[in-house]
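Scroll down for the structure; my scribbles are underneath it.
Chains here go by letter, A, B, C, D, E, F, G, H, I and J, matching the order in which they are written, and residues are numbered from 1 within each.
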Amino acid sequence: MFLVRLIYASTSADFLNYSDYQKILAVSIKNNSASDITGMLCCDGRYFLQCLEGERQVVNRAYSRILNDPRHQDIMLLSYGEVSSRHFSEWSMGYVALSSSASAEMKPDVLLHLLGSPEDVDKPKPNAVSITITHAQFLKYSIKREFDPYLLSDAGSLALLEDLAKVFAG
Amino acid sequence: MFLVRLIYASTSADFLNYSDYQKILAVSIKNNSASDITGMLCCDGRYFLQCLEGERQVVNRAYSRILNDPRHQDIMLLSYGEVSSRHFSEWSMGYVALSSSASAEMKPDVLLHLLGSPEDVDKPKPNAVSITITHAQFLKYSIKREFDPYLLSDAGSLALLEDLAKVFAG
Amino acid sequence: MFLVRLIYASTSADFLNYSDYQKILAVSIKNNSASDITGMLCCDGRYFLQCLEGERQVVNRAYSRILNDPRHQDIMLLSYGEVSSRHFSEWSMGYVALSSSASAEMKPDVLLHLLGSPEDVDKPKPNAVSITITHAQFLKYSIKREFDPYLLSDAGSLALLEDLAKVFAG
Amino acid sequence: MFLVRLIYASTSADFLNYSDYQKILAVSIKNNSASDITGMLCCDGRYFLQCLEGERQVVNRAYSRILNDPRHQDIMLLSYGEVSSRHFSEWSMGYVALSSSASAEMKPDVLLHLLGSPEDVDKPKPNAVSITITHAQFLKYSIKREFDPYLLSDAGSLALLEDLAKVFAG
Amino acid sequence: MFLVRLIYASTSADFLNYSDYQKILAVSIKNNSASDITGMLCCDGRYFLQCLEGERQVVNRAYSRILNDPRHQDIMLLSYGEVSSRHFSEWSMGYVALSSSASAEMKPDVLLHLLGSPEDVDKPKPNAVSITITHAQFLKYSIKREFDPYLLSDAGSLALLEDLAKVFAG
Amino acid sequence: MFLVRLIYASTSADFLNYSDYQKILAVSIKNNSASDITGMLCCDGRYFLQCLEGERQVVNRAYSRILNDPRHQDIMLLSYGEVSSRHFSEWSMGYVALSSSASAEMKPDVLLHLLGSPEDVDKPKPNAVSITITHAQFLKYSIKREFDPYLLSDAGSLALLEDLAKVFAG
Amino acid sequence: MFLVRLIYASTSADFLNYSDYQKILAVSIKNNSASDITGMLCCDGRYFLQCLEGERQVVNRAYSRILNDPRHQDIMLLSYGEVSSRHFSEWSMGYVALSSSASAEMKPDVLLHLLGSPEDVDKPKPNAVSITITHAQFLKYSIKREFDPYLLSDAGSLALLEDLAKVFAG
Amino acid sequence: MFLVRLIYASTSADFLNYSDYQKILAVSIKNNSASDITGMLCCDGRYFLQCLEGERQVVNRAYSRILNDPRHQDIMLLSYGEVSSRHFSEWSMGYVALSSSASAEMKPDVLLHLLGSPEDVDKPKPNAVSITITHAQFLKYSIKREFDPYLLSDAGSLALLEDLAKVFAG
Amino acid sequence: MFLVRLIYASTSADFLNYSDYQKILAVSIKNNSASDITGMLCCDGRYFLQCLEGERQVVNRAYSRILNDPRHQDIMLLSYGEVSSRHFSEWSMGYVALSSSASAEMKPDVLLHLLGSPEDVDKPKPNAVSITITHAQFLKYSIKREFDPYLLSDAGSLALLEDLAKVFAG
Amino acid sequence: MFLVRLIYASTSADFLNYSDYQKILAVSIKNNSASDITGMLCCDGRYFLQCLEGERQVVNRAYSRILNDPRHQDIMLLSYGEVSSRHFSEWSMGYVALSSSASAEMKPDVLLHLLGSPEDVDKPKPNAVSITITHAQFLKYSIKREFDPYLLSDAGSLALLEDLAKVFAG
């Protein structure tokens, strides 16, 4: 009954196209909703930065699957530990697109489709939401302007996450 | 002369119906008002999460009665300790309904009846008040979306309580 | 040259009537004004809760007089210590009435008379002011709804005082 | 998987004799050993002060049994909460006798019998051990010299426990 | 059930002689032992510095008696408040003599008599014990070399007390 | 290169008249502006309370001059130490008048004259500004209502200063 | 260049025998020595509890290998994060045996063989060392007596580790 | 992968004219943008105060170049260390002019030219921005009114920087 | 009744010889003993570093005398403030000689003479004592090896003082 | 008058031989002694790790010289800031040799020669001293076993320094 938060970085496999990203997000929302994982996924077409919050065993299994998923390469754990509360309790998987990364930015209609999930009737907010992050927001915690989550420290990835959570809370 | 706060989880007995919930709340308000216990009761038709604040002996006696009340099963203490001030000093028993649990939500007229208690003339606020909690509010401190207070840690149950107290203070 | 704050509880003698309360407050304001004591007096016709702030020797002498004053019985010190600043520097003796205790509540004209002290011309605020406290405000720090200052802890009496000081400050 | 510590006070039923105390301790050691509860029991022939450490559900069940055990009366919870480590991990039930309470003090041969439990072969220390507490040790945290655990505050009962744990650790 | 510590300073009445000091200490030990007050008395033939630890009401009554005791003059409260533990739980009234104040120093046989109290058989330590304080020990917390407890601040009187408690503990 | 803050109290010499106060403030502003001292001067015709902020040697020399200035008597240091930032960086010498002390209150035209210093062209704010302090503002940190800076403690003089700095900052 | 510490629990595959444990430790020491990983391995023939300290990428790769190693099952991350210093800088892989788990305890000659690594000539201490842990040492941080690292919290696994590191440091 | 912040003071070489300052800023923006250094440059025609944030090696190389740049003299490090986040992530080099130093203040059209950098299309804010600092803002942390960054302490330079960062964020 | 500590640096006047130092110390001991000032004097024949502890007004008067004493030049306050306890309560004026400064080091017989003060019979320790300080002990808190107290910061002078107080305490 | 500590890493130029190291240390001791810099130098024949403590301008000049010294390459600042006290006040330049780096380890007679500096007669300890560091001591704060100071973080270099300072203090 431990509640944990896990943040990792990974590199997108070369062969991924637009519909792959759609699938990753859609499956992630579906799976997380079923296993009560919440979190956010940030990608720019090259790298992923993902946060998973949930029960310890459930999050470990999800991470194990990701480690063996050919679409993710060079997976690196940035931060992990028990938490007393979630940052993303309102989203099964919040979606963060980099402002200059067209390939990773979801088209409005796709997101609309993903957000309109009718599965949880008592929750007025959608299961996913999309926000945009600028280079400066990332640079604040990193040594490089280009979105490269491998450069984030444990504290930096957590601080960036808290900034994003505030944007999500809007 | 110790002021304590006690939070416990329990499971509603199978045979409870709508009027049983009414009775539990009504009796709770009446008894607490007489013994200067304040607090809140959260239920969804299946589980109870209750907070009791008051004099140590009085709260222990109330908890002892609850432990032997056939309507409560699998009672588990989540948090207990001396406090310097109450969170719910304005309500004999605040009522919290889950947004999706129709069975546990009090009908307006019932609540009106409960709230209109004329016993304490110098207090403009009623003895009870009803607020609603969403799955996401609960999920923030829990590993599961379904309202299951047994999953709450000591710190988590206290943090959820403080969130609710702010809504009550509204 | 020590600045101290003293809080005590006492029981009103049986033979006190309305004009006795007027006298207690009037004399208190007069004496405190002369000896630079500030503070507040809370009474409900049965109990007194009083706070005295000022020079250590002066406050000790005032407390010694109170201990031998037949109008006060069962006097009990709740809190005492050096402070770096006063909570009630603007009132020689703030007056706090319980909302349901008609006997202890000063009539407007009496208060007006007490407040109109012309002795300190450069101070636009009166020497005394009257606010009202509800049962719930007291219950927040106590095990009982009835105003019974003997039930307050050291920390509780200080916290209640700070709540009242905020009301005084408006 | 929550590790909790629970401390309660109770009054010994009138009809208890020496062999009852033996039985309480022996059964307690046996049960705790089976359910991985650790702790200590302090009694003087009139009052009990007991600490239970272990898994949350297991400790709650033990406490529920105690509440319905006719040998315990006026049971009052003093302290309860999650802990990151146990104070009494080396004893299934440490035994504390008051120096002046002959009736509650175990006879050496009885203790020897209790301590010689061969069930846990890799553990050189016995499941139980007996230490003595003086009135002054108790008075340090209490308003009265007589051993009366009902007088202990939450913090006081924990501090006394830590003093005893140091004596146990020897 | 509040445990408090009270420290006050007073001036010895002019007409006190050696046997008066004996009496004060003897009666103090007797009374405190009966009401579970512990503490220490420091005197030099001119001033008293006394610490009382115990139940709030009991300590207030003792202080009220002292305020009306003609042998004490100019009584001034130095420190008062709830405490989680006592400093002097092993002595009904520890006795502290100034090294240069012959008049206040108890003769060995007198102390022996006082210390041999057979009332509390299970306590190997005596009810009273005598230690000596130098001018330098007092000067550490005071603006003057001469023992004058009126010069002590709240914090200073507590710090001096803790120094003395360590000496008592040996 | 140490930045220090010094606060002292002094008594105005008997022979001072209105133009003397004008001169003290005017010379103070002129000298401080030249040596980059900032601060505030509070006087009521009887006492001075002054704060000086600046380089350690410069402030020491200014204080040495004040100690030998016949217009200041009974000079007493209240607070002194290195600081990481100034409270009065915008005023060469802020002027604080007591509301009831006509003699010390600068006439508007005099202040206007003093404030209109054209020496520092890039600074839109004047070198000096005048605010008023009430008895209650002073009483908050003092044992007496009358403005007597000798009664202020180190912490009290600093806290009063911070209150005044906030008023200056408007 | 991030230095991290990772602690995980796993279940030994059924088909492991004594020489498998030898191999796991020997290979672990060899690999860690080459990649500057330090840490400790605790096993009882059924479960593993392992701590890895080193460069972030190197530790992530080691953990990824372990996740795909058929000898480890149900791998669960307990604690992970950047650290400013290592706990086990003197051992490539410290070995901890449970006192009652004969199957996992290395035979002296095997350990001797492992410890006698001549590769690092300037380091007088061996690359590995073996200590023993009792049930009570584990129970201190766990809800069960049986060695089951899945029951450890993040904080508990770290605290147990620090206890072990002290034993290693001897 | 260490993120550091470096603050230094230097003296402008005598032969610098207006176009030199333009060049310094322009080249600084260009270089920093390429190497992901952010920061701010403050100059008054005589002294420079500069802050550089970025990857440790990159910042060290930039500082090494500055140390050998004939336009900078008497270079002195004021503050240096790893940081978890940048203060100036939105500007390649913020520009701070002293209000009274005409020579160092960039002409609007020059700044406009510098700010209009089209290189980073996804960032709506310019690479540089110009704010003005008054003598009082500097005096707050310094012993002298004249802008002389050599007088700033480590803490003072950091505090001034944070004040400026707030103005930039404005 | 404020207890303060004052530390200052000064330069010895040129015309001082050995017997002058003797006189300064002897008079200092005599005066301080009379006014209950305690402290230490450190000199090397060129500079003085002195600490004075005592009642605020008394210490201010002593400092005022020093400021007008022709034997002291360039007097600079290093540290000043209220303290809860003295560092040098056992010495009217501790004497600290630099190990290499023969001129300032007291001859044994002179010190013996000074130490043998019979004025305070109940105090076994002398009014003064002499210890030696090395360059390294001073350099620890200073930028220069030569004893130059003007180089000490507020914190540095206090830390050096605490080091010396420990040496005095032996 | 700022006291600072600077730690940097550098790479030894290829052409350095044994007598070069001797010269570096000898000149360093001589220069530092003259400018009151203290510190330590750690080298293994390939890398240098050096700490410099002293006046801010003096340390900056020393660092500037080092940056232009062809014997040092790839110089990188690890840590820099004001300090309240020195770690190495007793050594002009402590010398730390890696246990396995024969080339950098000073021969006893060379060190003896360096240590026997007669310049500072009142200081019994030598200007330099040599201690040895193992790989494990370095590995504690680094990701690699090989001595490579570029891998140290700000905090790591400070912590290693404190470990070494303790060894020096021995």
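Rule of thumb we're sticking to: a residue touches a chain if its C-beta (ideal position, glycine included) is under 8 Å from a C-beta of that chain, and two chains touch if they have at least 3 such contacts.
Remember, it's a predicted structure, so these values are computed and weren't measured experimentally.
Contact with chain B and chain F alike is made by C.
Each step here moves to a touching chain, and the least such steps from chain F to chain J number 1.
Of the chain pairs F-H, F-J or H-J, the one whose interface repeats that of D-G, sharing more than half of its contact pairs by residue number, is F-H. Measuring from the averaged C-alpha position of chain I to that of chain J gives a distance of 36 Å. Centre to centre, using the average C-alpha position, chain C and chain E are separated by 32 Å. Centre-to-centre, using mean CA coordinates, chain G is 58 Å away from chain I. Inter-chain centre distance (chain H to chain I, centres taken as mean C-alpha positions): 46 Å. Residue positions 1-2, 153, 155 of chain E each touch two or more of the other chains.
Pairwise, the chains that make contact are A-B, A-D, A-G, A-H, B-C, B-D, B-E, C-E, C-F, C-I, D-E, D-G, E-I, F-H, F-I, F-J, G-H, G-J, H-J, I-J. On the side of chain C, the complex with chain E involves touching residues 2, 4, 6, 56-57, 60, 63-64, 67-68, 75-77, 79-82, 153-155. Listing the residues of chain F that touch chain C in their complex gives 98-100, 134-137, 139-145, 151, 153, 155-156, 159. Touching chain H in their complex are the following residues of chain G: 1-2.
Note for the complex: chain A touches chain B at residues 1-3, 36, 38, 54-55, 58, 84-86, 89-90, 120-123, 125.
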